[in-house]
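Letters A, B, C and D name the chains as they come in the text, with residue numbers starting at 1 for each one.
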Amino acid sequence: MGGVIEGCPAGMDFHHEVISRDMNRRRPGQSEHTSPRNEKDQVEILSGVFENKTLGTPIAFVIKNEDVKSSDYDSLKDVYRPGHADETWELKYGRRDHRGGGRSSARETTARVVGGAIAKMLLHTHGIEIIAWVSAIGNHALTGIPDSIDTDVIESNTVRCPDPQLAQKMITDIEKARQHGDSLGGYVTCICRGMSPGLGEPVFDKLPALMAHAMMSLPASRSFESDGGLDHISMMGSQGNLLQQGSSGGITTGHNYIMRVGFKPVSSIAQKQIMKTRDGNTTEMSISGRHDPCVLPRAVPIVEAMAALVVADLLLQNKMNQ
Amino acid sequence: MGGVIEGCPAGMDFHHEVISRDMNRRRPGQSEHTSPRNEKDQVEILSGVFENKTLGTPIAFVIKNEDVKSSDYDSLKDVYRPGHADETWELKYGRRDHRGGGRSSARETTARVVGGAIAKMLLHTHGIEIIAWVSAIGNHALTGIPDSIDTDVIESNTVRCPDPQLAQKMITDIEKARQHGDSLGGYVTCICRGMSPGLGEPVFDKLPALMAHAMMSLPASRSFESDGGLDHISMMGSQGNLLQQGSSGGITTGHNYIMRVGFKPVSSIAQKQIMKTRDGNTTEMSISGRHDPCVLPRAVPIVEAMAALVVADLLLQNKMNQ
Amino acid sequence: MGGVIEGCPAGMDFHHEVISRDMNRRRPGQSEHTSPRNEKDQVEILSGVFENKTLGTPIAFVIKNEDVKSSDYDSLKDVYRPGHADETWELKYGRRDHRGGGRSSARETTARVVGGAIAKMLLHTHGIEIIAWVSAIGNHALTGIPDSIDTDVIESNTVRCPDPQLAQKMITDIEKARQHGDSLGGYVTCICRGMSPGLGEPVFDKLPALMAHAMMSLPASRSFESDGGLDHISMMGSQGNLLQQGSSGGITTGHNYIMRVGFKPVSSIAQKQIMKTRDGNTTEMSISGRHDPCVLPRAVPIVEAMAALVVADLLLQNKMNQ
Amino acid sequence: MGGVIEGCPAGMDFHHEVISRDMNRRRPGQSEHTSPRNEKDQVEILSGVFENKTLGTPIAFVIKNEDVKSSDYDSLKDVYRPGHADETWELKYGRRDHRGGGRSSARETTARVVGGAIAKMLLHTHGIEIIAWVSAIGNHALTGIPDSIDTDVIESNTVRCPDPQLAQKMITDIEKARQHGDSLGGYVTCICRGMSPGLGEPVFDKLPALMAHAMMSLPASRSFESDGGLDHISMMGSQGNLLQQGSSGGITTGHNYIMRVGFKPVSSIAQKQIMKTRDGNTTEMSISGRHDPCVLPRAVPIVEAMAALVVADLLLQNKMNQ
C-alpha cells in the first residue's frame, strides 16, 4: 500500500508518532475482540519531508506488509467470498490478484490512515480536532452525543465506546458472535471541532457531500447521517429549525459538525457458507484464517482519517476564496 | 441557472421531452400539496446538439427564470433565514446576492434535473433505468421495496408514493402541516435497474460513494443508505451475507441497486420564527411567500437526476477499462 | 460561445470595459487589413457578479452571435477546407455541424478573450500586467525586445507592431497577399510584468509548460518559445547562464517573462484551392466570403488572454503554498 | 523518484525490458560524450502488475537511487546555481532540500521515462510508434526529416543523430565544449507514427497543446514546434495548405505527426561562474562533479517518453467518444 499527499504547506512540523498512533489503532490484533493477525506495518516516507519539516512538495509513502503469505490465499483462487469484491472485480477487469493485500482488501485502509494522520497534523495547526467513537454494536446503542468527548475514556476499552458499561455489553455480544462464527455491525460517530465558518463549497462539494463520499468509500459502510440525521428527518420543521447545525447550505457554521456512519457486519465469518465459484457453481466452505467478529473498533481511526482528509481538502480549497 | 454536460457520445438521439417531463415533475405548484409558485423554466440548449442528435461536444444549457422579482426578497436583505445558507455564505464570501435564484437557492436543482435528463437519454441506450419514489413522509413509511415498481402508480398521486392508501395519509398530514405553518421531512427511495456488472471504481470512487456524494449535495438531505442500509447494519453477518446486493466492493454486481435518501423538513415555514440578523441581533418574523410544507414529492425527479448523472459518469469511466 | 470562470475572489471590482476593449481588439473588421465581417459580440454575464463586484462564485457568460447566417456555410456541407478541422472532426465524431460558429471555428476565441479579460482584472489587483504585440509578419521581423513597451504605440497602427516603420512594411505585404488571394503568418511576442517570485508548479505545471499548452491550443499556432527561446538554444552554456530569465526550474524569478508564439498563414484564402470532399474525391473551389490575409494583429489580444488565464491559475494554485 | 500510472487496461502484457532499455538510454555515463556518473536505477513495480500482466489498477513504481551521497551537495547548501531552480524553489517554499535527487533535479526525468515506457507498451497494442533523435547540436543541424527513420542508425552513434557524418561533427564540438568547461544546446525531433484519426480534444486539449505542455515541462527545454513549425510560419498560405499535417484543428489526421523541441545548453558547467548566495551576495565558484557538456542525446528517450504519455492519455480520452 502507499499513496501521495499533496497540499501540505512547506515548513509544517512532521510528527511521525501521529502516524504510528493511528496505525496502531487500526491494526488487527489489538485485543481479543479483534483478529489477532499481526501485520507489521512499516510506513516509509519517500519524499516531501526533510529534517522533520514538510518541504511543500508531495509527500509519498509506502507501507510494506512483510507478513502476508500468498499461499494463505491459495484456497480462494477459484472461489468468490460473499461480500467481497472477488466476483465484481473479476467481472470488471477480467482478472484479479487473488492474493491478499490488494486494492480490494481491507488492508487498503492503511494508506487512508497514513494520509489522515498527515491531514491531522495540518488540521492541528488550524486548531481543528477530529474524534470518533463506536456508538453502536449490534443491539447496543449510545443515545445522543456525550456532553464531553474524552479521548482517554474512548480509548480505555477495546471497543472504543465512551460509555464503559455499554462497552462491556458490546464486548459480551462480540464474544458470543465469535463463538458462533458470526459477526456484528454497528455505528461510528465522529465529531469535527474547531472548524472556522466558511468551509465547504456550494452546490456539489458541500461539507456533508464530501464527508458522505469519503465514508461510503470505506469497506463495509452502508449508511451516512449528517448533522442531526435521522432525528432531524423525523421532526417537524419548526422543531428542526431550532437544532444547532455544523453546516448550513453545506458550509460550516463554526459549530461542531457531527456525523454517523453505519457498517454492516463483516462477511468473512468462520461459519461454513455457500459461495459462488469461478466456474459458475457453488460450494459450501468456511474461509480459513482468523476473523474479526466486529470491525467497528478498528473503523474508528479510519473514519477519523477520512474526515481529516476531507477537512484538509476544504481548508486548501478555501484558501482560494481569500 | 445553467450547466455544461460533457461526455455524451456523438450521434445520440436528443429527446427534449425527457427534459420537459422532469422539469415539470420538479416544478413548484404541481398540486395543492406543493407551493403553487409558477416558475416558467425555459431550458435553452446552447451547444452540442444539432438536428436533434448530439455532436459529441459539450452540451451547454441555460434556464432563464422570468418569474423572479428581486423585490420579493428585499425583506431578507438583512436577515438570515434558519436552515438557509444566508449566514454561512456571507461568512465565506463576505457578501451575497440576497435575491432569490442564486447558487444557494433550491432553484439550482433545475440545472441538476436538466443534466440528469440528458444522462437518462444516455442510460436509455444502455438499457439502464432509474426510478425514485417517496417512501416516507413524517410518520408514514412504506416498508420494504415494492415487488414491481410501476411509474404510473408512482405518478398517479401528488406525493409520488407507490402505495395509494399510504399516499392518502401522507397528503392528509401535509395538509395539517400547512395549516400549522409547519413542514415535514421524509425519505425518497431510488432503484437503478439494468446496470451491467463492473461499474464503479475501486477505493475512492465506489458506486455507493459517488451516490452518497451526489445525494448529500442536495438541499435538505441528511442521510444516505445503500444496498440494504440500516437493515443490513443491524443483522448478523451470516444473515447479511444472504442479501442480494447491487454492489460489492463498490462495483456493480448486475443486480438492482437500491438506495434511500432522507430529507429534513424544509426550514422556510409560514410560522413566525426567531431569525438572526446581519447586525448580530435576532428578530421574530415570518418568511413571506408561499412555502412547500413538504418537498419530498418534488425531490423524486432530483434524486433520479443525480443517480443518472452518477451512473453516466461511471459508464464513461468504465470505457477506459475496456 | 460562452464559458465559466472559477476562482475569482469575492468583492473584486468587475470592469465590463476591460472585456469590451479586448473584444474590440479581437473583432474582425477593425481595419482594411483584416476581414471586415461585422460580428456583433454581445457578452452577457449570467452569474457571479452583483452590483459590479464579484460574488466569489463562478462567473458564467454567453456571447451571442446574431450575425451568422447558416446559409453562408451551405456550400461547405460536403467539402473539407484545407487547414480546418472539418475532416478530422468528422473522423472523430462521425458528424459535425457544418455551419460556422462551432467549437472548431475561430469564433471560439471570443470566449478566451472574455475569460482573459476577467483574469486581467484579477492580475491587476496583484500588480501584474500582460502585453503582447506583433513581432513578425512574413519577412518583416522585429529584432529583440523593445526597451520600453508602450501600449499606445502598439495600438497606434493596424498591425499592432511597436515599430511604426516596420508596421508600414507589414501593411504593404498584407495588402499584396490580399491582392493575390493569399495569406501570411508571423509571430506575436508577449511580456508578463510584475509576477512575484514563486509562481509555477514543479515538474509538470511549470510556467513555460502551462504557457505552451495555452498558446499551442490557439488556432493556427505552430511554435512556442520561452525565455530567450531560439537565441538561448544556440548559445554556449557560459553565455546562456548570463541571460536574465523570467522563470527558473519553471518557477517565476520576479523578472519579466517573455515568450513568442508563431502562427502559420491562415488557410482560408480567396484563391481557388483543391479540397477533399466527403465522398472521398477532390474538387477545386474557392471559399466564399471575405478572408483575413493575416490574423496576427487580431491574435494579439488572444495571446494576452491566454497568458492572463495561465498566470491567474498559478496565482490561485500558489495560494495553497502559503 | 516514483510515480503512478493510471489507465492501462487489464490483461496487457508487461515488458520490463522496455523500461530497462529506456532507462539505459537516459542514464548518464553511457559514453564519453555524456557524464560518466553511474546511477544505479532500480525500478521497483509496487502494484498493478501480476504474473507479467497488468491488473487494470494503477501501476505504482519507485526508483531508488543508491548512488547519491548527500555530502556531494554540501557545498551547494548556501549557493544558488545558475539555471537551476535553487533560488526560485526557496522563494516559493521558504526552504529546499539542497541534496540532489529532488523534484527540481534532472533525476526526476527517470520517473518520466518509466511512465513513458509503460505508455509505449499500451501504444504498441494500438500499432503506434514513437521515435526521437537529435536533429541539431550547436551549429550542426539536420535539414528536414529523414526519408526513413531507422532506430538502429539513430542508436549507432553516441549522439543519437541519424546522419552518421553529422554525428561525428557534433561529437567533435561536444568534446571542444568539454575541454572549455562549457556546454551546448540543440534540438530533438520526434515522430509519432500509426495514430488513427480522431485523437486530440477540441479547444484546449488539442494534440499540439498537450505535446507542448509535456515538452516544455522538461528541464532545459526552451522551444516547441509542431507540424511544420517555423517553416510553415514563414510560408504563404497557398504553399502551407499543401503541407501534409499530422493534426488539423488539433485532432490527428492519420498522417505522421512531427515535432521539434529545443534545449538550451546545460547550466552546470565546469568553468568558474558567478553565483548568487543565500545571504544575497555573489561568489565565484565552479560546480564540482562531472558535467554533461550536452544533454541532447540523453533527452531523446525523455522526449519519447513524454510523447508516449500524451498519446496514451488521448487514446484513453478518445474511448469516451466511442
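We take it that a residue touches a chain if its C-beta (ideal position, glycine included) is under 8 Å from a C-beta of that chain, and two chains touch if they have at least 3 such contacts.
This structure is a prediction, so every number in the text was calculated from the model and none was measured.
J.: Report which interface contains more C-beta contacts, comparing B-C against C-D.
T.: C-D
J.: With chain centres defined as mean CA positions, report which chain is farthest from chain A.
T.: Centre of mass proxy via C-alpha means gives C as farthest from chain A.
J.: Could you please state the distance in Å, as a whole number, between where the Cα atoms of chain C are centred and where those of chain D are centred?
T.: It comes to 28 Å between the two C-alpha centres.
J.: In angstrom, rounded to a whole number, how far apart do the mean CA points of chain B and chain D lie?
T.: Between these chains, centre-to-centre, one finds 49 Å.
J.: In whole angstrom, what separates the CA-based centres of chain B and chain C?
T.: From the centre of chain B to the centre of chain C is 41 Å.
J.: By the touch rule stated above, which residues of chain A touch at least two different other chains?
T.: In chain A, 10, 56-57, 92-93, 103, 202, 321 touch at least two other chains.
J.: Which bits of chain B are touching chain C when the two form their complex?
T.: Residue positions touching the partner: 2, 4, 10-11, 46-47, 50, 53, 55-57, 60, 62, 92-97, 102-103.
J.: Looking at the complex, which residues from chain C come into contact with chain D?
T.: 82-89, 91-93, 103-104, 108, 138-139, 177, 180-187, 197-198, 200, 202-206, 208-217, 219, 221-230, 232-238, 240-241, 245, 247-254, 262-267, 269, 271, 273, 293, 318, 321
J.: What residues on chain D touch chain B, complex-wise?
T.: 7, 9-10, 56-57, 202, 316, 319-322
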